[in-house]
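Below you'll find a set of structures to go through.
Across the two complexes that follow, subunit A remains constant while its partner is subunit B and subsequently subunit C.
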Partner chain A sequence: MRVAKARRFVVSDHPLPWLLPLVAILLVFTVYPLIYNIWLSFHEFVPRRRALEFVGTENWVQLWNDTRFWQSLVITFTYFAIALVFELVLGMAIALLLDSDGFGLGFLRGVLTMTLVIPPAIVGMMYLLMEDPQFGVISYLLQSIGLLNPNNPILATASTALAGVLVAEIWQWTPFMVLIFLAGLRALPPEPYEAAMIDGASSFQIFRRITLPMMSKVIAIAVLVRGIDLFRVFDYVFVMTSGGPGASTYSLSLYAWQQTFSFVKWGYGATLSLVTLVIILVIANLFIRIAKVRW
Partner chain B sequence: MNGSFSTRMLRTIAAWVVVAVFFFPIYYWTSVAFKHGNDIFNRPPKLIAFTPTFDNFQKVFGISLGSGGITVTPGGGNFYMAPRVWDSIVIATLSTVLAVAIATLAAYALSRMNFRGRHSFVGWVLSTRMMPPVAVAVPMFFIYKNFGLIDTYTGMVLIHALMNLPLAVLLMKSFFDDIPSEIDESAIVDGASRFMIFRRIVLPMAKGGIAATAVLCFIFSWTEFLFALTLTTTSVKTVPVVSSTFVTSIGTAWGNMAALGAASIIPAFIFILLVQKHLVRGLTMGSLKQ
Partner chain C sequence: MATVEYRNIAKNFGHVEVMKDVSFGIADREFVVLLGPSGCGKTTLLRMTAGLESVTNGDLLIGDRRVNDVHPRDRDIAMVFQNYALYPTMKVFDNIGFSLEVAKVPKAEIRKKVEWAAEILNLTPYLGRYPKELSGGQRQRVAMGRAMVRNAAVFLFDEPLSNLDAKLRTHMRVEIRQLHNRLGTTTIYVTHDQIEAMTMADKIVLMHAGRIMQIGTPDEVYERPNSKYVADFIGSPSMNFIAGAVETAGGSPHFVAEGVSIGLSPEIKAKPGQKVIMGVRPHDLGISDAGEIKGEVVLSETTGADVQIHLRVAGYDAVAVVPRDERRNAGAAINLSVLPGKVHLFDAATELRVA
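The block that comes next holds the complex of A and B.
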C-alpha cells in the first residue's frame, strides 16, 4: 500500500521527485560548506595544541587590518577590469571582422574555439615558457624591438608581472567573446542596416547607434559569465607567479587558498574565501538586476 | 555588409592574420612537444627549423614509434603520465554522467511544471555557479578528510559534478523549453505518466542538447584545476595538476609537459567541434540561442 503511494508520488506532477537529487547535492556541496566556512571563520587552528579553537571575531578584525588583503582586493579588481575591457573590445572588434562571408570563416571560428578547451593551468605554463627571459619567444620579441629590458624578466618584475599573467588570460578568453558576439551579430535583423545605408550613415555611426544597442543583451550576458570567472582567478596566478614577485599578483582566491593550505591558517583562509564569495554574489546579483539578465 | 571587392579582400586577410596571431601560441607549444632540449632552450627561439623528435611523447605516454611500428612500453620514468590521463578521463566521464543525469531530471521539472518559487529556484541554482571554488574547496577538504574521500575517484567525481550542475541544469532547461509543451499535454491526455513522457518523448527529442551539455561538462571537468589540486594527493591526479608539477629543482621539463598538454587538447577539441551548433548557448549557460 505504502509502496504504491510512493510510486504514485514519484510519477505524479509534483516537482519534488524531479528536483530532489539536485537539491540534495547542492545542499551538501554548497550550503553545508557555506555554513562550515562561517563557523570556521570564528575559529583558528592552533598548531601547538593541534586543534581548532574559538577565537571570536579575531579573524574578521585581522582581515580589516590586513594590508595584504586590501592589496589582493585591489589586484583582483584590477585584473577583473583590465581583462574584461580587453576581452570585450578585442572580442567585439574580431567578431565584426569575422562577420562577413569571407573565405574560410567557419574554419577560422573553429581555430578560435581551440583556446577554450586548453586547461587554464596549462595555458599558464605555456606563457611561463613564452615569457621566460632567456628563451621565451614573447620576451625575445619584446627585447629585440627594445620594449623590454633583458634584466627585467616579465613575470619576476613587480610592475610587469600582472600584465604577463593578463596576456595569458586575454589570449585564452577573447575567443570566448568572439564566438558569443559573432553569434549575436549573425542574429541581428538586416532592416535597420538597410535603412541606415540609405540615410548614408558612416560605419562608426551604424556600430554606435544600431549594432551596440541591439547587442546589449548579448554583451550583458557575456560580461556576467566571464566576469564571475575573472573575479575567481586562481589557475594562472598559481602556476605563473604564485602571487609574486612580492605580492604584486596575489588574487583573493590565491591568497585564501595559501592561507589555508600553505600557512595552515584555516580560520583566516575561510574568512578570506567567504569575503570573496560575498563580493561575487553581491556584484553579480546587482548586475543581473541592473542589466535585466534573465534565465 | 557589402563593399568593394578590395575592401572585402582586405577584411578576409585581416581576419586570417588575427586568427593566426591567436593560433601562434598553440603552434609554438606543439612545436615544443616535438623538440629536443637544446632546441627548446635556443636563443633566438627556433620556430620552424628544428629536428623533430618523438622522445617527449615516448617519455610521457610510454609509446615509441620505432622501425617495427608502434611499441608500447608502460611504466617507468618520472614523467610517465598515461595513468594521469586515465584519471582525467575517468573523473571527467563519470562526473559528466552524474551531472547530466541529475540536471535533465531537474531541468524537465523547471521547464514543464508550474510551482511556487520556480523563479527563485532557478536563481538559486545560478547563484551556486557564482561560488568561488576556493570557498567550496576549503571546507570540502576537511569534510573529505573525515570521510576518507581525499585522493579518490568518488570525491573528485562528486565535486566536478557539483561544479557542472548549475550549467547543466540551466542549459538543459533551455533545450527543454525549445520543445513545445503541447506534445507533453497531448500525451497526458492519452494517459501517459510524466516519467513516461520524459523518457519516451522529451529525452529523445533533446538528444542534441544532452550531447552539447555533456561535452561542456566533460571539458570543464577536464580543465578544472583548483579542486583537483586541493582534493588529491598522490594516487589520483588530473592532467592540469600534474602539468604544474613538471617544474622540478633541476629545471622544468618543458618538452614533456608540452607533449602532455598538446595530446590532452586533441580529444577535447574534437568533442567541442562535434557540438559547435550549440556552443554559444552552452558557453552562456543557455541564455543565448544561436
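The block that comes next holds the complex of A and C.
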C-alpha cells in the first residue's frame, strides 16, 4: 500500500538522525568559522614568513587605540540609526496607505517587491549614476532647486556622502518594511477597530492606541531583522564611495574588509569582525528584552 | 436618551438582498430585543444601527437625526460585541475608560467613572489585568463596563451572552436588565435565545429571513403569535401543530382532524370548512379523564419540576408538559384536554393567525 511504503522513511523515533544534517551544516559553516575567527584574533599574518604568528592580545590593544575603528563605529551607528528610522516610518506610512482594497493597490503591493530582487551592489551602481555631479538626475534636480552646490558633488563631499549612500539603502529596503507591516496589518482582528470607532476614537487615536500596540511584535521583528542587516553595511559604501571622501563613509564592515584583504592583516580583520558580531549580539539582546510585548 | 426609528430599511450584500422593507420604532428608554434564528438579519440590522454596515435603502433615525451617513463615532451609541472586541493591548481600566480618554475627559473623572462601573460589575480587582488574563464572564463584564461609562444615547448588544455558560448567562441576564432599569438607556439587544428575549425585553421584534414577523411584548408574542412561524419559534418545547379544518357540529364550531375533534369558542373567526392548522402549547395540555384528545404515551422526560410527555395522538406526534406527580409510563393510554382559550388557529395556506 502507498501509505505503508511512505511510512518506511519515517520509522526512526530517535531525534538524532533528524538533527544530524542541520547540526553538520551549523558546525561547518557557523561554529567552526566562529571559533577560527576567535583563534585568528590572537594571531597575525606575517607576510615575510608567510605564516600566522601568535601575538597574544596585541590585536585587541591595537583596536582599543585605533581612532579609525572608533570613527567607523560612529559612522556605522549613524547609518544604522538614520536608515532604521526612515525605513520604519516610511514603511509604516506606505503600508497603511496600501492596506485597503482600493483599485490598483494589489498591483502596487506586487511592484514593491521589485526593489528587493535587485542585488544591493547594483542598486549602489544605480544611485552612483543618479548622484553623479555631471549627468545624475538626483544631482540635477537638487542643483536646479538650489539645494546642491555644483562644486560639491554629493558623494565626494564629506558632509553629504553618507546621506547619498543612505538614499540608496532606504530606497531598496523600505519596501521590505512595507511588506512585513502589510502582512501584520492584514492579520489584525477587525473587532477592536469597530469597537474603537464606536468609542469615538479618531483615525489618529485608533492608529496610536490600537494599531501601533497590536503591531508592536511585528515592528520589533522588523527592527531586529533590518537592524542586524544595517549594522553590517558594506555593499553600498563599497560600490558608491569606497568609504570616502576621507573616511567619512567607512563602515565597520568595510574597515574590517580593508584590513583583512587590502592590508593582509588577517588577525586584526578578524578582531574587527568579532567586535562587530559582539556589538550586534548585545544590541539585539537588549532590544529583545526591552521590546518584549506582553499581550 | 433617544428614540430609534427604522423606515423601510433594506440591505444588500452585493446582489444578495438580505433585508427588505424593515420599519419599526423604538421608544426612549425602551429595551427592545431583536430575536430570530441565525441568518435572519438581526445582527445586520444592529450593525447598521451602529454604522458598521451601510444602509442600502431607507432611513435610519436616532433621536430626530437621520444617521445613514453618520460615522459610528458621531452616532452617540455604545455597543457590546458578541466576542467582546476588547482592546488586547490595554488593561481593563483603559479598556473601560478608552471612550472617555479619546473624548479628552479629565483623568480624575475617568478614574471616577471607571471605578464606578467596575464596582457595579464586580471588576474592581481586575482593573490592572489584560483581557487575555480574564475569564469569559469577566471579559463580558468589561465589554459592558465600556458601554456603561459612555452615557450614550443608545446601547447596542450583539448576542453578548452567547459565549457564557448557562449559569453565568442567567446571572448576566438579570444584571443587564437591572442595569437598564438603573440607567434607563434605550437598548437594542440581539439574540437567538428566546428565553433571553422573553425575560429581558419590553418589546420583542421577531425576524425571519430579513423580514419582521411580529412586534410585541413578550406576552403578546407568546399568547397571540400572529403566524405559525412565530408560534413555532417562541416557546419551549415547541407548540404542537395539527392540520385540519373548522367544522360546525351541534351548532358550535369545532376543529376537526383525523381522530381529533376539539370544541372552539363561539367567537371564532374561521369560516366553517376553512382549512386550518391548530396549535396548542405543551403547557396548555392537561391530563383529564374527560379529555377530548386520546393518545398513547411514547416517552416521559423529567426536566425537574415538570414532566414532558411525548405522545402519539391519532397518527400525530405531540408533547405535553405536566407537573411531575402526573408522570405516566410509556405505553399508557392518556386523555388530554386543552385549557380553555388556549387554542391557536392558523390558516393552512397563509399560516397567519385566524383566532
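In the analysis below, the second predicted complex is superposed on the first by the 278 of 295 C-alpha atoms of A that agree within 3 Å, B and C clash if a C-alpha of one lies under 4 Å from a C-alpha of the other, contacts with A are read in each partner's own complex, and residues count from 1 in each chain.
In the analysis below, a residue touches a chain if its C-beta (ideal position, glycine included) is under 8 Å from a C-beta of that chain, and two chains touch if they have at least 3 such contacts.
All figures in this text were calculated on a predicted structure; none of them were measured in a lab.
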{"item": "Subunit C versus subunit B on the shared subunit A, clash or fit after superposition", "value": "fit"}
{"item": "Which of subunit B and subunit C A:R209 touches, first, second, both or neither", "value": "second"}
{"item": "Touched partner set for A:E191, first subunit B, second subunit C, both or neither", "value": "second"}
{"item": "First, second, both or neither for A:S273, with subunit B first and subunit C second", "value": "first"}
{"item": "Touching partner for A:R49 - first (subunit B), second (subunit C), both, neither", "value": "neither"}
{"item": "Broader residue contact with subunit A after superposition on the shared chain, subunit B or subunit C", "value": "B"}
{"item": "Subunit B versus subunit C as contact partner of A:R289, first or second or both or neither", "value": "neither"}
{"item": "Subunit B versus subunit C as contact partner of A:L19, first or second or both or neither", "value": "first"}
{"item": "Which superposed partner A:D199 touches (first subunit B, second subunit C, both, neither)", "value": "second"}
{"item": "Spatial angle subunit C-subunit A-subunit B, Cα centroids [nearest 10 degrees]", "value": "80"}
{"item": "Lowest C-alpha to C-alpha distance for subunit C against subunit B (Å)", "value": "9"}
{"item": "Where subunit A meets both subunit C and subunit B, residue numbers", "value": "294-295"}
{"item": "In the complex with subunit B, residue positions of subunit A that touch it", "value": "10-15, 18-19, 21-22, 25-26, 29-30, 32-34, 36-37, 40, 94, 97-98, 100, 102-105, 108, 110-122, 124-130, 134-137, 140, 144, 171, 174-176, 179-180, 183-184, 187, 193, 203, 218, 221-222, 225, 228, 231-232, 234-235, 238-239, 252-253, 256-257, 260-261, 266, 269-270, 273-274, 276-277, 280-281, 284-285, 293-295"}
{"item": "Residues of subunit C that touch subunit A when the two form their complex", "value": "50-52, 71-75, 77-79, 81, 83-90, 98-99, 101-103, 130-132, 146, 150"}
{"item": "Interface residues, subunit A side, partner subunit C - complex", "value": "189, 191-192, 194-202, 205, 209-210, 213-214, 216, 294-295"}
{"item": "Contacting residues of subunit B [partner subunit A, same complex]", "value": "1, 8, 11-12, 14-16, 18-19, 22-23, 25-26, 28-29, 32, 40-45, 47, 101-103, 105-106, 108-110, 113, 115, 118, 121-143, 158-159, 161-162, 165, 169-170, 173, 193-195, 219, 222-226, 229-230, 239-241, 243-244, 246, 252, 254, 257, 261, 264-265, 268-269, 271-273, 276, 279-280, 283-288, 290"}
